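Let me begin by handing over the structure; questions about it come next.
As written, the chains take the letters A, B, C and D, and residue 1 is the first residue of each chain.
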Amino acid sequence: MKKYIVNRILSVIPVLIIVSIVVFSLLHLTPGDPAIAILGEDATQEAIDELRERMGLNDPIPVQYLNWLNDIFHGDFGTSTASSGEAVTSMIASHFIPTLQLAIYSTIVTVLLAVPLGMLAARKRGTVVDHGVTVLALCGISLPSFLFGLGMMMLFAVKLRWVPVSGYKAMSAGLGAHFRTMIIPAVSLGFMHSAFMMRMTRASMLEVLNSDYIKMAKSKGVKELWLVAKHALRNSLVTLVTVIGQGFIGALSGATIVESMFGIPGMGSLVVNSIGRRDFQVIQAVVLLIAVINVVMNLVIDILYGIVDPRIRLS
Amino acid sequence: MTNDMNIPFESKEELEEIRKTLVKEQRELKRKKFLKNKMSVAGLCIVIIMIIIAIFAPSIATHDPYETNVMESLLPPSAQHWFGTDKIGRDVFSRVIYGARISLFVGVSVGGISAVLGLIIGLYASTNKVLDNILMRCCDGLRSIPNLLLAITLMTVLGAALKNVIISLAIVSTPGVARMARSSALVVREQTYVEAMRCLGAKKSRILWKHIAPNILAPVIVQMTFAFASAIIAEASLSFLGAGVPSGTPSWGSMLSEGKAVIYSAWWMIAFPGAFTALTVLGLNLFGDGLRDLLDPLTN
Amino acid sequence: MRKFWKRLVPVLVTAAMVMTGCGGGSSAPAATTGSTGSDAATAATAAAVSYRDTINIAVQQEAPSLDLHKNSSLVARTMCRGTVWEQLVTLNGSGEAVPELCESVETNADSSEFIFHLRKGVLFHDGSEMTSADVVASMNRWIEGFSTAKSLAGDARFEAVDDYTCKITLANPCVTFLSVIAGSAQPAAITTEEACANEDENGFLKEYIGTGPYKFVEWELNQYILLEKFADYVPYGDPDAEMDGWAGYKHAYTEKLYFWYVQDATTRAAGLQTGQYDCIEGVSSDNYDMVANTDGIKIEQYQGGTVALVFNKKEGVASNEYFRQAVNAATDCEQLLRAVYGNFYDLGSCYMDDAQAFWVTDAGAENYNKRDVAKAKELLEKAGYNGETFRILTSNGAAAQQGMLVWQEQLKEAGINSELLIFDWATFTQYRTDPSAFDVYYTSFASVPVPSLKLYFGPTYPGWSADETLQKYVTTFNTSATLDEAKASWETLQGYSWEYLPLINVGHYLSTMGYQDYVEGLNFYSGMYYWNARIPE
Amino acid sequence: MSKEEILEVKNLSTTFRTERGDLKAIDGVSFEVYKGEILGVVGESGCGKSVTSQSILRLYDEKYTAKYDGEILLDGKNIFDIPLKKMQEIRGAKISMVFQDALSSLNPVLKIGDQIMEPLRIHQKLGKKEARERTLEMLRLVGIPAPDKRIDQYPHELSGGMRQRVMIAIALACRPQLLIADEPTTALDVTIQAQIMDLIVDLNKKLDMGVILITHDLAVVAETCSRVVVMYLGQIVEEADVNDIFDNPKHPYTLGLIKSIPRLDGDPNERLYMIKGTVPLLNQIPNGCRFAPRCPYATDKCRTNMPELKAVSPTQKVRCWMVEE
C-alpha cells in the first residue's frame, strides 16, 4: 500500500509541470498589457514602463517561467498586483476557505438528495417513483447551472427574502449569518451534481439488488429494511465513494458560475476577476493549487475505495 | 436423418435459414429494445425537431434576427413578436430559432472534433508505453485545470468569436474522450481475436484501424452525444460570464446572459432561450442514454 | 444492527437543521444590524439624535489598487477622495478649485507660479502633523504618475518654502492647473512623506495614510473595503452650512462605511430592494423600474461623463476628414445611447458635463446628431470611399456590444459596411494603441473638471489627434492667462473639433445611484460621497 | 426412518409477468418431502427446478413480477396464506437454502463470521458472544479447519469448497427442518464435489432434516438421494424411488436422460446418445404432452392431449400415455 501511495504522489510532478507550462504560456499569450490594465489610461508612460519592469514582463517568456518556478521552490508565489500588494499565498488562503465550505455543503446536499432518491428508485423499479426520479435527474443535468441558480436566488432571496441576495459572511460573523449566505448557493450547486449521482446510485443499487447475495440474505430471513440498509448499501457504497469524490472535486474546482453569481469570494471568482485584471501571479498559483487538489483528492478516493471494499485492500 | 456431423438439424438450407432468422430476430430485438425505451425515443424526437428548426430557420423565423429597432425595446410576447423583443428591439422568437442553428453547430463541431481527436489520441496512446505516458499526462494536466477557467482563458487569448468558442470547448472536452478511448482500446487489445490478428502478422496500423477502432467506436459515439450536450451548456456558461459568443450572433447562451440583466422587467428573454437550451440538452441526454444501452450495454 | 441506525440518525438531524437553518431568519434586512448604543453626540448639531454605526454600500467594480496617485479607477477615487485622502484644493459646486488642506493659494499674474499656504495642525491617520515636506513628496509622486499633470508641469516640481508653505513654478502659464489638482482622474491625494517612500514590490503604496475623516481599515479582496471614522480628524469650513461641491465641513456621523463589491447589477438592485444594502452605486436602466417603484427607495442621477466614438486619424479609412463627417452624418446619437443606456442618457453636443457649468458651451452644435443619409452618401463620394471595411473596436460589455450593433445598422443604411472587433477591457486598451488594428473605438470618459483633462486631444493618445490647427487651439487654451481667455479658446476649440471630428461626442451618460430613503446627508456632486451620511436610529 | 411429512407441495404453479406477456414457469407441481429424506429433483436447465425451490420460500417479488397458485403446506399451514412480512420467520429458521456459486452468494464486503451469525441473531436473538460461539461450532461441524482464523476472513479469501461449506453452515445455523440445495456442487470440481455431498448426507442423518437436492447430475442423485422427481418444462414427468428410476425408468425423457450418461464400460467409438432437439421456450409450449416433439415414441394422441401424472406402483408415478396401455 505504501509503495502505491508514494508512486501516486510522484505522478503529481509531471502533471504539475504540464499544468504550469499550459497556464503560463496561455496567460502570456493573452493580449492586453497587465500594466495598462492596472494603472489605467491616465497613467504616464514612465509609470507603465516602470510597472512592467517591476513585474518582470519585459524579459523573454522562458526566463520569466524559470524565475517563477524557482520562486515557487522558495515558497514565494509572488505578490498580487491587486489590493495593497497582498502576497498571493495569503490571498489564496482567504479565498480557499469559502470555496472549501461551498464544496462541503454542496456535497452534503448532493449526497442527501441523490443517495436516498437513487435507492428509492432502485427499490421501486419500474414504478412512477422510478420514472419521477429519472426525469428529475435528467432535468438536473440538462438545466444550465446559472439558470437554476438564478431561479433559486429570485425565489428565496428576492421573493421570500429568507436569505440575503448576495455576499458572503465568514463563519466568524456568526453561524446563522454564515449559513444564510451559503444555503442557496450550496443547494444550487448540490442539486446540479446530485442529478448525475442519482442515476449512478440507482444503477449500482439495481445491480446490487439483483445479485445472488441479496437473494441469499433474503433466504436467511433478513428483514426488508436491513436488506437495503446493511447489505445493499454497503455494496453500492463501493461505487458511490468514487462518484461522491468526483462530485467533491467538481465542486471544489468548478463552482465559478455559482460563486460569481452569489458573490462568494471563492477561488473560481478570484481567477475570473484576475483574468480581467491580468493578475498573472494569482491565476497561475490558483490553477496550480487546483491541479494539486485534483490529484490528491483522486488519491484519497482510491484509498477510500480500498477501505470500503476488502477485495481491493489486498491488491 | 443425421448428417456426418451428427448435428440434429436436417440440412444446410435449414441451418442457413435458422441463422438468418437469428440475425433478424436479434436486430428486431435491438430495435424493439430501443423503441421500448420511451425516454430515448422522446430524446430522439426532440433532437430531430431541433435539427429541423436549425435547417429551416429562415422560413420558420418571423423576423430578421439581426434587425434592431430600439423603439421596440423589451416588448412582451405579442401577436407580432411571439416571444417578445430584446433590449435593442430584436425579435426573440427569430433569434431563438436561429439560435438553434448556432448552438447545434457549436455542439456538433465540439462533439465531432473532440470525438475524432480523442479517438486518435486514445488509439495511439494505447499502442506504446512512452507515447501513452506523454499523451495521458498531457490529458491529465488539461483535465485537472477546471474546464470553465481554461475555456475563459482560451477565449481571452483568441478573442470573442464563434470559431474561438468551438476551439476552446473542443480543447476542453478532448482529454475526456481521449482517456475513455484509451481505456476501451486497452480492453479491446487484450481480446483474443486481436491477439490472433497479431499472430497472423497483421501490420500494427492495420490492427489499430481495422480491428480495434471499430470496436471502441460505440463508447466514443456515446461519449460524443454527451460532449455535444455539455458543449451547449458550456457555451451558455461562457456567454453568461461574458466570455462567449459576441452578442450579435443569436446564440442561446448570449441571449441568456443578456436576459439575466433584465430578468425583472423582461422574463421572456430568459424563459424562452432557457427552455430551448434545457430541452435540447435533455433530448441529447435521453438519446445518449438510449444509444448507450443499445451500443454498449456493458458500461451502463 | 442497531448501532448502524444510532450513527445515521444524528447525521440526518444536523443536515435537516442546516437545510432549515435559514428558515428562522427574520425578514428584517439582515445586513444593517445596527447597534443601538449611540456614539458620542458630535459637537453642535446632532446632540439628541443617535445614528446607526454602519452604512452598507454596494459598488460595481473592484479597484485594482487604492494607490490613487497611480491608477484612475473610478470606484477607488469615489470611495477615497475627500474621505481617506484630502487634497490641497478641491472642487466646489460649480467646478472651481477652492482650498481644502491649504489656507490660501497665491497665483502670479500669468498663472505660472502657485504658492500654497498650508493649514496648521492638520493630523494624518498615523497621528503625525501635515507639513510642506509631506505635501511636496505627495504632489511630486502625483505628477510622476499622472500623464496630464506631467505634460502641464513639464520638469517643474513642487518645493518647500518653509514648514507650512510650498510652491511650484511652471515653464509656461496654465490657468487651469489648480482645477487639474482639484478634480483630476488620478486624485492629488496628500499622504505622509514616509508613506510615499514605503512602496511594495510593484511600486504601490503599502499603507494608506491620509488626512480625511475616515481611515482605511481592511480590504478583503473580492468582498469588501472597510473605512472607519478617524477620531481626531481636523475639519474645515462652517459646520452648519451645506457642503459646496466637495468642499465644506465633514461631520462623519457614521462609524463604519462598508463598501461591498457586488459585480452584478441585478444582484445589487435586488440587494437594495431587500434592504441588504443602504446605498448602491450603478443602477442600470434595465432594472430601474424594479428599484424605482419599490417604496422607501430613492434614485439620484447626474451626468457621469460623455460617450465617444474616437476615430483613428493616423491610418486607415477614418484618417480622411470627409469620411469622418460622413460617419457623423450617418449616426443617430439618440438611438445609439438608448441601445446602450436605456433611458439613462442626455443628448448634448458639449464635451463637458453639467457639473462643470463654467465650461458648458454649444459651439459646433450644428454638426451634432443631424442624421442625413443623403448627405452622408454625398460625403462618402467626396471621401473617395469604395467599400473598405470600417473596423469598430469595442469592449465585451453586453451594453457596448448592443450599442455597436445598432450603430452598424445605421452605417449600413448610409452604405458603410463595418466589422465589430470585441475584446475584454485589458485587450481593448492594448489594441487601441496599434494604429493598424482599428478605424474607430467606442468608449466613455468620466467627467473631468477642465477640458485640458480630455485625453483624446493628446497627439499620442489613441486616435492620434495630431492635426496642427487642433493642437494650436489646445495649446492656446492651456496657456491662456485668465479664465475668460481660456473659456473663449475652449469655445473655438470645440467648434473646430465638431468640424475636424477627432471623435463623435455621442452624448452624456447618467450615473444613477440608489439609496434607502432613511439615509440622510449624502453628497451627490459628480459622485456619491458619504462625508455627512447618516441613518437616524 | 419415520415417514413424518415436513412439506407438501400441492398443484404449485408460478407465473412471471415479462415483456413478452405472462409465462407460467412451473405448472401444477405436486410432491412431498419427508423428515430425514433426500429428495432429488432433476431435469435439463430451464425446466423449472430452481423456480420451484425459490417459490417454496417465496423469494420472487410478488408485487410486480411473480404470481403463485396452488398450496405449499408446512406443518399443516399453507405458506401462501402467511403475510409476506411473517415469511421472514420461516426463511432461515424452518426452511433454508444453499445456492450454486458461493462466491456470488456470499456478501463480498462482510466477514463470513458475521454472515453466519446473522440468522442466529435474527431468529434466536443470541447475543454477540454467544452467536460467535455457535458460529465457531458450525464451522467445525461443516469441516472448516482453523475456524477461529477463518471466522474473520472475507469470502474472496477462501477456496471454492470452503466457501460452499460456509454457505451450508449459514443455512444450517438455526437447525432448519428442510434444506433446499440448488445445484450445490455444480461449480466445484469433482473431488470437492464428493466431499460436499458427503457432508450433506452426513448432516442429513445427524440433524434428521429433509433435503431437496436440485441437480442435473444423475450420478450425484444415484449416490445420495432416496427418492427422485424428474421435471420437464415446468411439469413433473416422473416420480419414484431412486432404484426404480435407474432400473426401470418409465418415462421416455427419464430414459433419455439415463442413456446419455457416459459409461465407463461403454464402447469407446460409439456415439454418445443425445435427446433430439432443445427445450422449447416458455412462450412456445406445444399442446398435448410437452415432451412429444422430442419423444421418439410420440403418437398423435401424445401430440393432442396432455397425460396425467398417474401412479403406476405405490412408489412410482409417470406422466405418459404409453404407460397406460
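The rule is simple: contacts are C-beta pairs under 8 Å (C-beta built on N, C-alpha and C of every residue); 3 or more make two chains touch, one makes a residue touch a chain.
Values in this document were obtained by computation on a predicted structure and should not be read as measured data.
Enquirer: Could you name all chains that are in contact with chain A and with chain C at the same time?
Expert: Common neighbours, chain A/chain C: B.
Enquirer: With chain centres defined as mean CA positions, report which chain is farthest from chain B.
Expert: Chain centre farthest from chain B's centre: D.
Enquirer: What chain is most central when centres are computed from CA atoms?
Expert: Central by C-alpha mean position: chain A.
Enquirer: Count the C-beta pairs in contact for every pair of chains, then give the pair with the highest total.
Expert: A-C
Enquirer: From the C-alpha centre of chain B to that of chain D, how far is it in Å?
Expert: Computed from C-alpha means, the inter-chain centre distance equals 51 Å.
Enquirer: Distance from the CA centroid of chain B to that of chain C, rounded to the nearest Å?
Expert: Roughly 47 Å, centre to centre.
Enquirer: Averaging only over C-alpha atoms, locate the centres of chain C and chain D and give their separation in whole Å.
Expert: About 89 Å, centre to centre.
Enquirer: Roughly how many whole angstrom separate the Cα centroids of chain A and chain B?
Expert: 24
Enquirer: Which residues of chain B are in contact with two or more other chains?
Expert: Residues 156, 159, 260, 263 of chain B each touch two or more of the other chains.
Enquirer: When you check chain C against every other chain, which residues touch at least two of them?
Expert: Correct list: 1, 264, 423-424, 427.
Enquirer: Mind pulling up the chain B residues that touch chain A in the complex?
Expert: 39, 137-138, 140-149, 152-154, 156-157, 159, 229, 233, 236-237, 240-241, 256, 260, 263, 270, 274, 277-279, 281-282, 285-286, 300
Enquirer: Please name which positions on chain C make contact with chain B in the complex.
Expert: Residues 264-266, 269, 284, 286-287, 289-290, 335, 338-339, 342, 396-398, 401-402, 405-406, 409, 420-424, 427.
Enquirer: Could you pull out which chain B residues touch chain C in their complex?
Expert: The contact residues of chain B facing chain C are 66-68, 70, 73, 87-88, 156, 159-160, 242-243, 246-248, 257-258, 260-265.
Enquirer: Show which residues of chain A lie in contact with chain D when the two form their complex.
Expert: Touching chain D from chain A are residues 125-127, 211-213, 215-224, 231, 234-235, 238, 308-311, 314.
Enquirer: Write out the stretch or stretches of chain C touching chain A in their complex.
Expert: Listed in rising order, the residues of chain C that touch chain A are 1, 4, 15, 18-19, 21-25, 27, 30-31, 62, 64-66, 70-73, 144-148, 150, 184-186, 200-208, 219-223, 260-264, 267, 270-271, 273-274, 276, 423-431, 455, 461.
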